Structure formats: C-alpha cells, structure tokens
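Labels run A, B, C, D and E following the written order; every chain starts at residue 1.
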Amino acid sequence: QDKRVVTWNADYDPIPLAAAEALIADFEAANPEIDVQLNNFDHEAYKNAIRNFLTADPPDLANWYAANRMRPFVEAGLFADISDVWADNGLTDALASSVLSSTIDGKQYAVPYTYYQWGIYYNRDAYKAAGVDLPGEGGVSWDQFLQNCEKFKAAGIDCVTTGSSALWPVAGIFDYVSMRTNGYQFHSDLAAGKISWTSPEARAVFENFGKLQPYVTANHAAIDWQDAAALLVQGKAANYVMGNFAVGVFKEGGMTNDNLGFMVFPEITAGIARSEEAPTDTVHLTSGAKNPDDAKKLLAFIASADAQTKWNGAVGQLPTNKNASVDAADPFLTAGFQALSTATGGIAQFWDRDADAEYAKAGMEGFQQFLVQPDQLEAILERLEQTRLRLYPQ
Amino acid sequence: MFPRPIQQSAPAVRWLYSIALPVALLLWLFPLLGVALTSLRPASDLAQGNYFGMPSGIAWENYVYIFTETPIGQYMVNSLWVTIPTVIGAVSLSLMTGFALAVYGFRGNILVFFMFVAGNFVPFQILMVPVRDMTLQLGMYDTWYGLALFHIAFQTGFCTLFMRNFIKALPYELIEAARVEGVVEWRIFWFIVLPLMRPAIAALSVLVFTFIWNDFFWATVLTQGVDSQPITAGLSSLNGQWIAQWHLVSAGSILAALPPVLMFFLMQKHFIAGLTLGAVK
Amino acid sequence: MTGVTLQNVVKRYGDAQVIHGVDLTVEDGEFCVFVGPSGCGKSTLLRMVAGLEETSSGAIRIGARDVTHADPSERGVAMVFQTYALYPHMTVAENMGFGLKMTGHPKAEIEKKVAEAARILKLEDYLARKPKALSGGQRQRVAIGRAIVRGPDVFLFDEPLSNLDAELRVEMRVEIARLHREIGATMIYVTHDQVEAMTLADKIVVLRKGKVEQVGKPLELYHNPDNKFVAGFIGSPAMNFVSGVVEGGSVTAAGLGGAVAAAVKLPASGKVAVGLRPQHLRVIDGATHRVDMTEALGGVSFIHVTGPTGEKLVVEAKGDVIPQAGTSVGIGFDAADALFFDDASGLRLR
Amino acid sequence: MFTIYVLWPIVQSITLSFYDWNGLYNKDGQFTGTFVGMGNYAELVSDPAFETSLWNNLKWLVLYMAALPLGLFIAIFLNQTVTGIRLYKSLFFFPFVISQVVVGLIFAWFYAPNFGLFYLLTQSITGQGTAILADPDLVTYGIIAAGLWPQIAYVMILYLTGLNNVAPDQIEAARLDGAKGLKMLWYVVLPQLRPATFIAVIVTVIGALRSFDLVSIMTNGGPFGSSRVLSYYMFEMALGEYGFRMGYGAAIAVVLFAIMMVFITGFIWKMWRDETER
Amino acid sequence: MTGVTLQNVVKRYGDAQVIHGVDLTVEDGEFCVFVGPSGCGKSTLLRMVAGLEETSSGAIRIGARDVTHADPSERGVAMVFQTYALYPHMTVAENMGFGLKMTGHPKAEIEKKVAEAARILKLEDYLARKPKALSGGQRQRVAIGRAIVRGPDVFLFDEPLSNLDAELRVEMRVEIARLHREIGATMIYVTHDQVEAMTLADKIVVLRKGKVEQVGKPLELYHNPDNKFVAGFIGSPAMNFVSGVVEGGSVTAAGLGGAVAAAVKLPASGKVAVGLRPQHLRVIDGATHRVDMTEALGGVSFIHVTGPTGEKLVVEAKGDVIPQAGTSVGIGFDAADALFFDDASGLRLR
C-alpha cells in the first residue's frame, strides 16, 4: 500500500465526473504504483476555491481554462511550466490546434483535453412553421439568414434566441459576427486590447451585429440560456447561437436529431478564412505539487489520443488530440469535428477566455447593451474604448 | 386610539372594513401565495403554460423531489449548524457585555457602547475582504464554524445594544436591593438579572435566529460547497440549476422560508418585542 | 450600641456638592425621620448610610464600626425602597429569604425567619405568591419583611409609602409605628409627608440644600423652630410670615396692623419676620385686611386675607360663620404666639 | 472578538483600498499586492459602473423611503380591535421574516417574461408585456419594489407599536380641539410617532444601502450592470467571476462606509443625546 | 343659557352598566364638582358630557342644544385632563392656539386670544417654550389656557391637580377659583380631593356606583348628609360610625358608652348607625375606651381609641395635652351633633 499519490482537484458535473473516474481507473491500471485522488468541487464554487487551494493547500493537478483565464495564476507563479511534458510527448503536433491557448511567454502551462464547438442550432419545425427553407449542408449565406429572419419575424417567431442574464451567451454571437466580419486575428487582437473600439473595423462588426439585433429574442437580458433553449425547443425561436453542450438540454426538452439542426455561422465578409469558437478545458500542474513527476505522467496520459477519445466519447465533446476519434453516430459531434477541423481561420477560445477578465466583462456588458439599446452604440463604444485605454495604456 | 375605533363608526363602514381586511391581506401576500401554489403544481402544468389556472393536481412530489434529488436537506442542516451556535454564542456573550455596560459606570463605557452600535450599522462590504481573508488563513473557510464564528462576533454588537438597553430598563433598585442584602455581583447577575432577562433572551434568540437563517451575503462570502453552504446560498445555487423549473424553485423557497416563519408564529410576542426593543438591524 | 453617626459627611457629584458636611447622631433604637424640600439630599444621605453612594469625605459609623468605605452588604443595614424593589420572579417567601440564602444560611433557619417575619407582618397567606399578585400595601409589607428577615442593626426607608393611596398610607404608617415598637431597631426614614414625619419620628432632621437645618422631636420643631425655614416647613397649613421693623425695642408689623409685643431679644434695629400659625390668628372686626377667599371644609375654615402691605395671611376658623370674600376684616392674635426671625439670616430670635 | 471581526477589518479594508491586489498569495503565502496610493479612488471617479451604482444607490435610498408612508398607512389600517386582528397583523408582517433570497426568487417569478404575473398584467393593459428585469431603465425599480415588500412590513410593525403608545389623552384633547382625520394624523399623531419614525428611517436607510441580496439573486447586477448598487459592485469586483480586484473592491466599500457613516453618526448623536438626557 | 343638563343618562360597556340613569342640572356659570370613590363613574360621566364617550341612552343638553350625539368639537366644551395632555412637540403658544387653528381662525385672532389667556394665567414669559421645559404647575396652567383660548361654554376638568405636589395643588386650586370668578363660565370638575371639592364647588355631586347619592352645596352636604355614605365620604378625618339599637324611642350605642338622645324620628325598633365627627368627640375621664395611638400634628392631635364593643373611633383634640397610648379614657360628646342613619338602607333619619 505504498502507492505514490497524485492529487487532482476538479470541478466536474456528474457525467464528466464519471468519465474522469474511468480515465483515472485506466491510468491506475497502467501505473499500479500510483494512486490518483480526485477531489471534485461544485462547478461554481470551484472558481472561488481554486484561488484558495492553490496557495493554502495545493494539489498536484488542477482543472482550469486555457488562454487568458490561466494568466493570473501563471503570473503569480502558481501554475508550473510543463513545456517538458509537451516536448516529451510530441504534443505540439498532436494538440496543434491548442498550442496557442496553452502557451504564455513561449512556455506551456496547460494540457487541453476537450473542447466543444459553437455554432447555430436550429429548430426545423420552426423553419417549417414559418415557411422558411431549411439551411443546406454548408449553412446559409448572411443575406439569406437575414432574409429568413425577416420571415420568422413575420411569423412571430424569434429568429435568433439567447438568454443573456449571465452575459456570456451574447459574447458567442458577437464573436462570430466579429470573426466573420474581420477574421480571427481581429478577434484575437480585439480581445487583447490591441484594437480601438472606434476603429472602422470595430464599427463594421457592430453594424453587422446591428442587423441581427432586431431579430433577437426580446427580454433576453432577463432570462438564462436554458430559458432560451426552451424557446427553441418550443418552436418560439428558430436559431440559437450556442455551444454544443446545449444539445443535451434541447434533447431533454424533447427535440431529436430529426428536428434539431446544426450549421456553422454564415459567412459575412467573403473570402475570410472561417474560424470557429471552441473553448478548451485544461488541466494544470501546480507549482506546489508534491509529486510532480507522477502528475506529469498523468498529464501525458490525459493528452493521449486514447484517453481523450474515451473521455470525450462519454461526455459528448470533442477531443483536442487530432489523433483521437469521435462518435460517428452523433450528428452534432461529427458536424462539430468537421467544422473545427476545417476551420482554417483558427480556433478561438471564447471572448471571456481570450480577453482579460475585467476587459471581458466590460465587453460583454457592452454587447448585451447593444442588443437591448442599439441606439446607444456611440456611448457603448466610447465606454469600451475608455476601458481599453485604462487597461492597456498605449 | 388612532384611528378612531371602528366600533364607533357606522355599520356600513364596519362592514366595509371587515371585507377590506381579508382582501388587503390577500393582495399583500399574493406573491407568496402564488409561490406556495406553484410549489404544489405538477411540472406538467408549467410545461403546458398553466401557470395560474387550477392546478391539475397537488404535486407533493415536488417536495419529495427536492429532498431526494437535491442536497436541500443538507443545506438546511448546514443552516442549523450555523444558526444554533450563533444564537447561543451571541446571546450568551451579549448577556455579559450588556450587563457590564448597563450596570457599571466604568470609564469609556459609553464609548465602548457606541462602538458596538456603530459596528452594528457598518456595511458588510467593508468587512468582506479582510474577514474572508482571515477566515481563510485560519483554515475555517467553507466551514460552518467559520461562518458561525463571524456571525457570533458581528451579532454580539447588536445583541449587546439590545441587552444593555433591556437591563438598563430594569429597575436599578433591584440590583441595589440585592447589594444591600449582601449579594455578590456575579450572583446578582445570575439570580436577579438573568431570570428577569428571560423575555429578552427569548426575543433576541428568535430575532437572531431569523437574521442568521436569512443571511445570504456572508454565506456567499464564507462558504461555497454543499457541505457547508446554508440554505440561502444553497437555494441560490440550486436556482442556477433549476432554470425554468419554477415548481422546484418555489418548493425550495417555501422550505427555506419555513423555519423563520414557524419561529415567528410560535414566538410572535417575543419576536415583535425584540424588534421594537432592539429596533435596529 | 448600633446607632448611626455621621461626621462631617460630604457628597459630591463631579463638581456639584449636594451634601455639605452633615453631622448627625441617631441613637440606638431611635426612629429618625429626614424631611426637607425635594432635592435637598434626603435620599442621597440615606443611600450614603446604606453604602449605595460613595461618601466623598467625612465618616459614617454604625455602632462602633467605621463603615465609611465598607460594602453595602457589610454594614448590617437593610433598606426599603420607594418602589419596593421586590424581585418579580420570586415568591414572597423567596423574596424575603433571598438575602439569607445568598449569604449561605441553612434552609431551615431561613424558613424559620421568614415565617417569623411573615407573622409579624400578617403575610402568612401570601408566602407562595409572586409580587405581581399582591396589592400595593402587601408589596410594601413584603419589602419590609425582606428587611426584617435579615435582622439588621439599622433599617433605612426611602419614602416607603409614597406610592400608596391615601387610605393605605395611613394604615401602613400605623403598621410601621407598631413594627418599630416591636423590634426596637434603629430606623432612618425619609419622607416628604408632614403627617408621617410628625407621627412616626422620635427625631426629625430637617434638611435643606444638603445642610441640616434643625434636629429635634416633632413637637419641639413645631413649637420651637430654630429658624424661619423650619418654622415654615413644619406645620400645615404653613406659618404666616409678616415682615416687621424693630423700632426702639419693639416690633412694628404693618401687615398685622401695628406693633407686636415681643418678649424676645431683638436687635437694635433692622428688619425681622414675624411668624404666626393660622390657628393663632382670628378674624375680628376691623378694616385692615381684605378677605380674598374663604375655604370652608366643614369642621374648619381657612380665610385668606391680604393685609395693608399686600402680605397675604391664612387664618384658621372653627365653625361655619365666616366672612364673605371681598369684605374687610381685622386680624386678632395673641402676641405670645408670635415667633420672631432675623430677616437676613432667618434665625429665630429668642 | 468584536474587535477582531468588525473593527480591525474596517482598518484593514481601508488600508487595502490603497493597494492593487488580485486576492492571490504566491506559493510562499506572501501578499502579492502593490501599493497604488489613491489610484483606486482615482479610477472610481471615472468608472461609469461606479457611477451607475452610486446613482442606483441613490434611487434605492429615495424610493425605499416610500416604505415609511406605506408602512404607516397599513399600520393605521390595521390598528383596530376586531376579532382576529392579531392574526392579520402577523400575516401582514410575514414578508419581513422571509429571507431576502426567497423574496428575490418570488419577485423574479412575479416579473418573469412571458408567464410572470406582472408581465401578463402589463401585457393585458398595454398589449406589450414588460419584462422589468430585462429593461435597463426599469430593472432597479423592479428590485426596489421587491425590497419594499418586506421593508414595508417592518416599518408597519414599528408603527403599530408606535401607535399603541400614542397617548390617548392627547388624541382626546385634539378631538375636543376639533382636529380630525388627516389633520389629526399630521399635527398630533405623527409628532408622537417620531421615535418610531426615526427608527424606521434608520432601518430603511440601512436596508437601502445594504441592498445586496436582492440584486444578486434577481439580476446579478444586469442587464449590463444597470441594476448594480455599490454593495453588489463591490462584491463583483472583489469576488465575482471576472473580478478579484480586492483593492478596488475595498475602495468601493470604503465609499459605501463613508456614506453609511453619515447616518451612523446621526444615529449615535441622537442616542447620545437621549442617553445624557436621562 | 349654557348650563348642562343630563337626563336619565346611561352608559354601558358591553354588558356592564357603569352609569345608571343620572339626572343632573348644572346651571349657567355654576362650578359643579363630581366626587365619589374610585371607579364610581365620575370620569365616565364627564367624558360623556365632553363627547369622548358615547351615551348609551338618555340625553345631554348644553344650553338649549341637544348634544347627545354631537361630535366633541361641536359641543362648545373644553376639557382639562389629569395628565394635561399637552402636545409635547408644540410650544406653549401653539398648544393654546391649536384648537383655533384647527377650526380655521385667522392667525391674528389666534395670537390675540392666546396672548389674552397667557395674561390671565401669567404665562407670558413661557409662550415660546415646549411643555418639557415647564414645571408641573406651569403645565397645568397651559392646559387650562388651552381651554380658555377656545372660549367654550363649559369647562370640564378631570382631576386636574392630582399630579401636582401638595404645595402646588393649593396654589393651583386658588388659581382655578379665581379663574371661575373671572370668566364665570360653567365648569364641571372631577376630583377625589375633599378639600378641592369643598372649597371650589358651588354644587357637589356625590356619585357612587354610577348613581347620584346627593347633590348640594358643600356645607350642606357636610352638615346635612342624606345618607350614611355621603356622611362618611364628606369630611376629613371621616365621620365615626357606631352602631346603636333603638329601644323605646331612644338609641343605645354601646360603643359610645350608652344612650344617645335622638331628636329625630326613629323607627319603632331595629338597628341604627350613630355618626359623630372626630371634632365633635372629646376625651374625658373614664375607662370605657382604650387609647390605641395618638398622632400629634402640632396644632391638632388625633387620638385613636377602641370602644367596649371593639368599634374604633378617632377623636380630634386641640392642644398638645393628650393621653398616652395604652391608657383608658372616656368619650364625651354633645348629642345634638350626632346624626342617625337607618342601618339597612343607610338613609338619614331626620
């Protein structure tokens, strides 16, 4: 019973938790001398708890998010550099799509093991009810989409729904409009505070965003994303810009593969390479780890194609390891895998992971406000610009 | 005496009043009644949009559900773990401080007293960061006793104010009489003051119980998991999970409201006496 | 010897001095009553004896012991408060026995003493009741009982009857007098009721602004006051004062209609006050005084008159035949009844 | 103990408000903040969110005062002796006993778009449902209304006990003097209710400034921060998901404390006067 | 004509009847005093006149107007309360002017009337003060002033002086008497103070258990009571009652030591009560009565004695020479002073 212990703090809901436990079992089977102790937290509480346990009582491994979300911990020296894990296991290649988001100052601090695609989920019944043609295989064009919206509006159906009381759902829409208008690099620079909100490019984004605005569910600011999902399920709304995790909710509400559809967000500016949003979940080695060597073994295992295939298969998300495979029976996963693997423009994390926390919040408030009060555009832009100048002094 | 007793007015007015009373009450409690009703609606009613019509049946299963499928029971137990020690701690501490402040005219007495009063009004927010930090450092973050300890400390301010005023209102001659009779101070406290404080203790206990039970802010700040979060914070996080399941939210709300409401009904006299005596919170 | 002796006792509250060096001896077994206008320091003095107020300077002795700085509980005194100060949560028996219980007396002894006190005060039937269930007079009795039980050397009473209504007051007054006869302990009693003071006291101490004005037996103070204040304070209705001028060895009081023969040593000249009690005045024929008002109380009437100098007098008259308000009358008196006081110092001229 | 948990933290908070700190200690447990002097306050001045919060707090303060007349009105309405009135009084008092969390949930349900009673009500009146909590201009009022519900109940109890202590002889004297109805209320009853009014004002002010629970439960400060109040904004800044700016949060708390201090001082001053008069 | 007439006035609280058909006429300008034991309905009756209590049946007239169901403010009455009921938040001037303000009088007129009342009551210097800053007597004056300002037809007073100390009470009593002479309005005054009743009243109404026992001038009631209750109630100290037996046209009262000549119409046989006031008794040599206690008050002494039948008597004695407690004495009196009452009904035998 002299096993070496690796401790791992995580924030899984029941289904991912079971998958993680299976993953641990596999790892322990392969490494019988190591005992992995998973300490699971409530998802919301975890965001708070991690700040405490990293200092007070650090585990070996901790779940968190990539990109800017991990930056404070890296800067405080709480997450350890694991460039060696990447190098030793050839991850730079296997996890190619996630290299950028795992890297700070040229060093890797995270092992990404799952992501999920965003896109437009739609209700075929609603399309039929409004007499709108169903989108084809490659989605619809922007103009077509807006025309459809006009028809939905006439039929009393919300063309685009969302529930923004928690703010982040609007960021999804904005990100897509932004990437489709100006491309991935623009999104990335905007999130990094490098682009002025009053620049013509930014204005162009809002102009397109504004075209969508009249068709978005009214009162979205008062409801949660699940409430909005109910609207889609009930056919009161036709399209929903959401992440793939919402599929479970749609299906719980009674939708099936027959009437739930998925398409990528329409192209706006022609010729821009398509990029997609796919927030990545990661595991990190802490600086205070007591058993870093075995922890790194586990990290490498988590990064492996087999482990990712299995875990994501159980959870219904996409593996980050390009050598892993997805469940072909799930049309949404395969569609997502397809969309992401052909996203030549790049993979974005999500507004609130690409941008610094405070900046992210200010931005999302601006997006939400714009969707409620489009006439306030100037004021919104000016405020955002001020925030930007304060946070990123030129 | 004001307004004029209704008995003295015309029969029509009296009749009107007797009608107006229940109507006003119904309107006043309407939101509460609505929630109580909703908590007993089957989920199917809500799904069909039957939010306000006759429920198609009484769904006790909503309550069964939240007890079996969610940790609401645990939350309630946590609440008790926080509330009961706080009531006992704050009340017994303040009995002593109150006695000292009321009976002995030591120097700085009034200053200490005003300190307690002022502390009582302080916005929680100014305490939040340091208290949270301190609790963390002491390793009591996310434990019921960390939360209870803070509550005891904070409530002692209010309770002392209350107790002191109550003891001050006791006839001072009682204490003098006992002194002349040769009774030592702590016995005066034990045999004379304490028995007379019984109503105050009851009132204060009820009051503190509701305050603590209903506390949300500190529950959010000092606890976070199912293992230690009290019902208010628990309900708030369950609310995050029960999107659009208003029958569950309602049932949870009713459950969370029940203990203080029961307390109020059982100890009504003390409760109101406490409020008007202490009057500040 | 368990008398009480005060020696140049002073009390200060901060800067305000409220007791200005009181010297007083209360003999063993004596019933001593403090009277004086409100705020003169009666209660303060009593509470200093009890030890409830610190003594700023001077010495207090009970019997032979100097108790100036002793704790209240060590002084062997018992006090009866105006508000009774009964412990509301204890029965009558517990109230009475509480002091003994706290000082560790055995139960049987306490019970015996309580029973004895209850017998003296006729409280046997109420021993199991709480104070709330008693009438005012009974409560007062319990308060006294509580004092008796401890068998103190000195009893202190602070206006014990002022919360009772007139009838009960008379009754309890008689009770306290009987008690004093029965136990014979030293008692100090504060009151502002004339009748209580006159009827209960062996010795009355008249206080004024924290100073002793006069000490003496009740009738001594009545008939033989040392100064104008005591003369005016003792006796009801109060003594009439008329200002007079000493001229050549005799007093002329215009308010009384002329010269008053004075059998006392007068100053060479200057002003004096002439004091005459209402019952020593009578209405006679004449036109020196105007009748302002008459009050017929049945057995006795009071006639309020104004003299030629504007000084008002009250005349007591027996019988019902009294002059009408507004008429003019004369005032008669026996010069032997008149007292004379120095106008400036208020001291009695003898 | 009180010192440790209440007085000392106040000092600490004030100190902290001069630092920029993300709430993290480094792995050796050392404080990682940097001293920025008045920096946080300077930032506050130009922070639009802070401005919104301050304005909203002002709205809370002003509108919460409505609890006074309304509470008084109900108290007068209930101040009769008919059978069962005690039960009525306690039922009217109910909202106060309930946790603000529950009150928030109840009103969120009441305001909910599409099926909320309020929404339906406005829909039937204006033809266009109003989702209060989605409307940046109305949301604060919606939350205040929810807060008023228990607050009115509280004020009502204070006034009921106050009315109990109104000297009957003064009322009678005023009746002989010919004062009736509102005149009676204004000239004779209200002045006698001054102590009750004073306490009611104090608790209402405190209630308004402490308005954290409802905002947190009902809107999380949204939509786009338009229902923020200082107390919530502080929490958001210090412990919110996108926050962890402890120093900045502390600075907000200090401002809130300063506002409250005005009232605390007033209260203490009045208490001191009463105390010394006795 | 602004007298007050009560006609078979009845008051019920639920089932309890507290006023049993009172008939009474108070003449214009008369000063009428209600006296009676506590709880007899004095206040209730007064408040019915004021309109503060509903009248269950019967009629109340003020002057010629029937005001039985009129609002208090319309009756033209003003009331002075025992507690003064001053508005604590208003200055003296505002207190006095409040009634006029409420009835919409112009400011100048109010000021004039307030100034006039303040002059009468010597309150000019206090007009700007709040009641809290006034002494008890001044407050009482303000309360009266408030009544005066409204110039009512009838003044009602409910024990207006009972919250004042003895000295002030005398002073204010004189004040009220002066006021009545000066304004000459009808006044109804409730008190339980003998002296107030005797000295102020034109007419005393003795109430008992909600019924009028006797109405008359003060001395008339004193000398000529209709029944034993009135005889015992009026006069202080109270009349002594000794039971006697009628035998063959004369009364034998063992408590007085034998037969008492009775110049009244006696019943053929049966018991009577013999009433004698203390001042009509005197101590003589003898051994029929034992002295229980003596109270020397200076001018007068009261000797408490117990007769052979155990009946207690109080004897008033002038002068200071009084028997010792415990000695035996005899009791002398003038049979002409004795009153006789039927033992069963209490009615006076004449």
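Keep this in mind: a residue touches a chain if its C-beta (ideal position, glycine included) is under 8 Å from a C-beta of that chain, and two chains touch if they have at least 3 such contacts.
Keep in mind it's a predicted model, so treat the numbers as computed, not measured.
A.B. asks: Applying the touch definition from the top, give me the chains sitting in contact with each of chain A and chain E.
C.D. replies: Touches both chain A and chain E: D.
A.B. asks: If you drop chain A from consideration, which chains still connect to each other through contacts?
C.D. replies: one piece
A.B. asks: May I ask which two chains are joined by the most contacting C-beta pairs?
C.D. replies: Per chain pair, the contact count peaks at B-D.
A.B. asks: Suppose chain centres are the mean of their C-alpha atoms. Which chain sits farthest from chain E?
C.D. replies: Max centre-to-centre separation from chain E belongs to A.
A.B. asks: By mean C-alpha coordinates, which chain is most distant from chain C?
C.D. replies: Computed centres place A farthest from chain C.
A.B. asks: Can you compute the centre-to-centre distance for chain C and chain D, using the mean CA position of each chain? Integer Å is fine.
C.D. replies: 59
A.B. asks: Which whole number of Å gives the spacing of the CA centres of chain B and chain D?
C.D. replies: The mean C-alpha positions of chain B and chain D differ by 17 Å.
A.B. asks: What is the distance in Å between the mean C-alpha positions of chain A and chain C?
C.D. replies: 94
A.B. asks: I'd like the Å distance between the centres of chain B and chain E, where a centre is the mean of that chain's Cα atoms.
C.D. replies: About 55 Å separates the centre of chain B from that of chain E.
A.B. asks: Of all residues in chain D, which are in touch with two or more distinct other chains?
C.D. replies: 112, 172, 188, 239
A.B. asks: Could you please write down every pair of chains that are in touch?
C.D. replies: Applying the touch rule to all chain pairs gives A-B, A-D, B-C, B-D, C-E, D-E.
A.B. asks: Can you name the residues of chain D that touch chain A in the complex?
C.D. replies: Counting only chain D, the residues touching chain A are 22-27, 29, 32, 43, 46, 48, 111-114, 131-136, 219-220, 222-225, 239, 241-245.
A.B. asks: Within the complex, which stretch of chain E touches chain C?
C.D. replies: 165, 174, 177, 194-195, 198-199, 218-219, 222-223, 234-236, 277-279, 293, 295-300, 316, 320
A.B. asks: How about chain B: which of its residues touch chain C in the complex?
C.D. replies: 171, 173-174, 176-184, 187, 191-192, 195-196
A.B. asks: Which residues of chain B touch chain D in their complex?
C.D. replies: 1-3, 5-7, 17-18, 20-21, 24-25, 28-29, 31-32, 34-35, 38, 49, 51-52, 93, 110, 114-119, 121-132, 134, 149-150, 152-154, 156-157, 210, 213-214, 216-217, 220-221, 231-233, 235-236, 239, 246, 249-250, 253, 256-257, 260-261, 263-265, 268, 271-272, 275-276, 279-281
A.B. asks: Could you please specify the touching residues of chain D with respect to chain E in the complex?
C.D. replies: Of all residues in chain D, those touching chain E are 167, 169-170, 172-180, 183, 187-188, 191-192, 194.
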